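Shown below is the structure under consideration.
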Amino acid sequence: MPCPSDTSFRKRWSEIVAGRLGIVIALIVIAAVLALLKPHFLSAANLTNVVRQVSINGILAVGVTVVLLTGGVDLSLGSLVAVTGVVAAHLAHPGAFPLAVPIAAGVLAGAACGAVNGVVVTRCGVPSFIATLGMMTAARGLALVLSNGRPVSNMSPSLTKLAGDVGGVPIPAMILAAVALCVAWMLRNLRLGRYFYAVGGNELAARAAGIRVQAVKFAAFVLCGALSGLAGVVLAARITTGQPNAGVGYELDAIAAVVIGGTRLSGGVGGVWGTLLGVLLMGVIGNGLDLLNVPSYYQQIVKGVIIIGAVWFDRCHQSAGKERGV
Amino acid sequence: MRALRDVTFELRRGEVHALMGENGAGKSTLVKILAGLHAPDEGEVRVDGRRVTLRSPHEAMRHGIAMIHQELMPVPDLTVAENLLLGREPRGRIPGTVDRRALRKEAQRLLGVLGAELPVDVPMRALSVGEMQTVEIARAIGTQAAVVIMDEPTAALSDREVEALFAAIRKLQANGTALVYITHKMDEVFRIADRITVLRDGRHVATSPAADLDVQRLIALMVGRELVGGRVRDRVEPGARVLTAEGLTRDGCYREVGLSLRRGEILGLAGLMGAGRSEVAAALFGLVPAERGEIRIDGRPVRIRHPAEAMRLGIGMVTEDRRAEGFVPLMSVRHNVTLASLARCCKGPVIRHAVEADTAARAIAQTGVKASGDGQAVVELSGGNQQKVVFSRTLMPDPEIVILDEPTRGIDVGAKAEIHALIARLADQGKAVLLISSEMPELLALSDRLLVMRQGEVSAELDPLTVTQEEVLKHAMPV
Amino acid sequence: MRKLCVLALAVLCGCGRSGAPEAQGPVIGVSLLNLSNEFVVTLRDAMDARAKELGVRLIINDGQRSPERQVQQVETFIAQKVDAIILNPCEVEASSSAVQKALDAGIPIVNVNSETRAVPTAFVGSRDEESARLGMAYIADRLKGEGGVLMMEGYMGQAAQLKRSAGAIEVLKKTPGLKLLAAQTAEWDRAKAVTLMENWLQAYGTSIRAVFAQNDEMAMGVVLALERAGRKKDIIVVGVDAIADALQAVRDGRLDATVFQDGKGQGRGAVDAALKLVRKAPVEKETFIPFQLVTKENVANFLK
């Protein structure tokens, strides 16, 4: 999918939707089926729930989208969520520090781990799959060390409010929206954003064009780490503790959402809006399965089948488009 | 747009039938239909008078049609013998195993038919491009193909390997195999082909015995107009020395290489494959720095460790393999063109899209890229237009020194002429140009001075206006 | 640089030598379910303390929720010829082979907290069904036998989940007025519990009168979701384990009740039983340490 030409806002939106039409249709179909089976699905309260529940996965997914665009991968997301949550919780006891401190500390801790990932990949030449796998294990251990194996509780209400609502809109969802807008803007309007696509599209050509490929990859990992840190702080606020066991498996959910959204695992193609669609699709499926009280055993299977189906439908639509010369 | 329209093509046993035409003329589409990669919308294919439907390469092979692609795709880590007989390994006694001794023997036999002496137990990646091609041809012989299609077989071969290829082709002919030979190279066509078919814009233009045509008439048929060849520019007074390199050395690649580039001058660099020319260029552009030696720009010694540093010093380069390192395939024309000089379209770190669109449009107009809008992905363009995109990108930062490595490889006649004109214009504008090419006529037509490299060293400096192709070859051949 | 290495080496050697000389005391190998679980940490701390009192050396391994790893650890203990083994099993079926191996090797093995199908030399623990019975009975009592109840389960297939579900369903069968609206797993995880409860509120609305969560982490998640939705007042929430957070919540009136599992008692009891077996003294085949229901009335006893 080539970058859409830089024309009017409306034209770009219609191009983006057209490019992701398969997933959009899948989302509408699934939502319609759910609405028929459980009319409550479409209630404002439930939809607000869905949006609230996908926020954390959404922030992670936006972060890892950038790494995937450069042709790398980050498997340490879940563990970073845990360790940054623990760090933030330690600094968030009532009356200890102003609200900005635990939030900043969580984000910086995430960025630091991301930087380590970046160094191991760019300087030591370790493939990102292995490097971030190592970080996944190490960060989990660090979370257990920092928390002594127990959840860090006694969190000040000002931080827990971060997971609450303002005027009926969940704050985590607003945070996700802000993050998505910033990253989307960056990808389109900053030199660095363009370079992410170039490095993922053809690393050799990017280098021959004078781009500092290693620096670009490093930046991607730091950004992803920082956003994982932000997700960790939001999760800690949502469960009012810093949990060393939090976030297990979150990286797979995030990457699944990104891939559903059309970003290629090989890099160079994709973007934030597709990721948000993928996140939404997975959230709707999870919510629907709970509403329908599908037994736990079957929920995993159903989720997997629907995800594969949605991606398959989308790819069919894409290749059909290519043959028609779209 | 139809790729092919109402094309009739007839192949006789034992003949070498060349298929020629500009890029986009339909040659690739025609042979892909024969090889089972595409199904025709209308029309039919007949083998030995019987109508066949070829729905896959596998079916084509069963009917005796084998294709050797322009981009070779062997399995690099398997041995030569394993590649040769991939899919047709002789069975061992235990079901599911391979009889390794029979495998080697058969591989050696097939190579022997071509008169090629290659070790069969080494991994494919150890072979040169020309040797890999020989293996592919031997593979085609092994499948007992009645028809062998070759798409630009000599694009990456040295002269010596081309000779070996022609010998192999003649052997195949003697066996009764028919060959379809796609090429852009004039000299080859007249040496090897029995008949020539010309396609233009998807239609059949002419089929004629090679003896009845000459270069001029052939080109005229292909482009529909007369092209004048020969020297592209007049010799000029060279300007000041802008880049000098001395004692450049990289173990295993090149040794004690020295050269100087002057403003307004095109320095040609000739040599066989593996002589080290591309490696020297990579050192000058910072892709793979030299281990020893000195480079000076305008008299100042410099260290070039990364293309970004080279670009800052005013050096630009069009690399050898555009597919691998020239452009970002799924990115648009516009974004590819501005990739090396995005800073100019920016205010701080923020891209100004209107400025970028403008700048890109001007650059594209200068090199004449033909695409359906500059939002099209570069991978969808023809080879010639892809190369023009790479040129645009390289020239946008307005480099003083331009290095070109095989700038017209795999490009049709019309686009080639346009690029030659572009290169000449660069020199006229006062830039210093280093032109690396394996096409002798191109070097002699464009260069003001000519260096020849042989086995990693500079072996001669010649005058392109007076030297003959044979002399150049003599200095390029290994001693 | 060299001096630093020697110094570091000396420090490391010194570390290994802290505590009483144990060349004489018996050695017990301990394989625990999962040290990132708070309750298991309590078990370990209790065993450590008791072992120090008795002059016994413990080799403590973390099974990390994998029965395979436990089997490997027990095999290593057998090879090291420990005097006894204490096993805190991951799974009823899969960890059984570890018990069997110890028995075949003639090394006494004590199961603590959870059961396996294979019968060990001794068992010290609590009956998980009892905890669920206590919790559900409390709910039945508060609701006067009428109302819609939700059950949040732990990791499917683990002994604790199977037993607590069984115990809860026993009570539900005896109280026909209580209707089980749904039973789903939140895998012992607080975050998953929050999400599940939010979705349940949408699905079942006002028919929910009580939620029984099979552990406190999930119960805390339920409480959070209910408080945010403003529904805490009309729904009763009960958990199991009595972790520090939960006790605090009971005292503050946020959590209605939890069930105290005496981890300390189990840990101590396990070491005691193991030592008795080593000394070939008589020991109870099964020691059940009772659960205790914790409500606002008696929570002060448990907060220390």
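Going by the order they are written in, the chains are A, B and C; count residues from 1 in each one.
Just so we're on the same page, contacts are C-beta pairs under 8 Å (C-beta built on N, C-alpha and C of every residue); 3 or more make two chains touch, one makes a residue touch a chain.
Owing to the predicted nature of the structure, the values given are computational and were not obtained by experimental measurement.
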- Of all chains present, which has the mean Cα position farthest from that of chain C? B
- Note on the structure: One chain's C-alpha mean falls closest to the whole-protein C-alpha mean, and that chain is A
- For chain A and chain B, let me know how many angstrom lie between their CA-based centres, rounded off. 43
- Task: Return the distance between the CA-based centres of chain B and chain C, expressed in whole Å.
- Result: 69
- Item | Whole-Å gap separating chain A and chain C, where each centre is the average of the chain's CA atoms | 34
- Message: Going by the contact rule already set, what residues in chain C reach two or more other chains?
- Response: none
- Footprint of chain A on chain B - complex, ascending: 285, 287, 306-308, 310-311, 317, 319, 324-332, 334-335, 339-340, 342-343, 346, 349-351, 353, 356-357, 373-377, 393
- Task: Quick one: which bits of chain A touch chain C in the complex? Just the residue numbers, please.
- Result: 38, 40-41, 43, 45-46, 49, 52-53, 144, 148-151, 153, 163-165, 235, 238-241, 243-246, 286-287, 290-291, 293, 295-297
- Query: Can you name the residues of chain A that touch chain B in the complex?
  - Reply: 1-6, 188-192, 194, 197-198, 201-202, 204-212, 268-269
- Spell out the part of chain C that touches chain A in their complex, as residue ranges. 35-38, 41, 153, 156, 182, 184-185, 189-191, 194-196, 198-203, 205, 217, 220-221, 224, 228, 244-245, 248
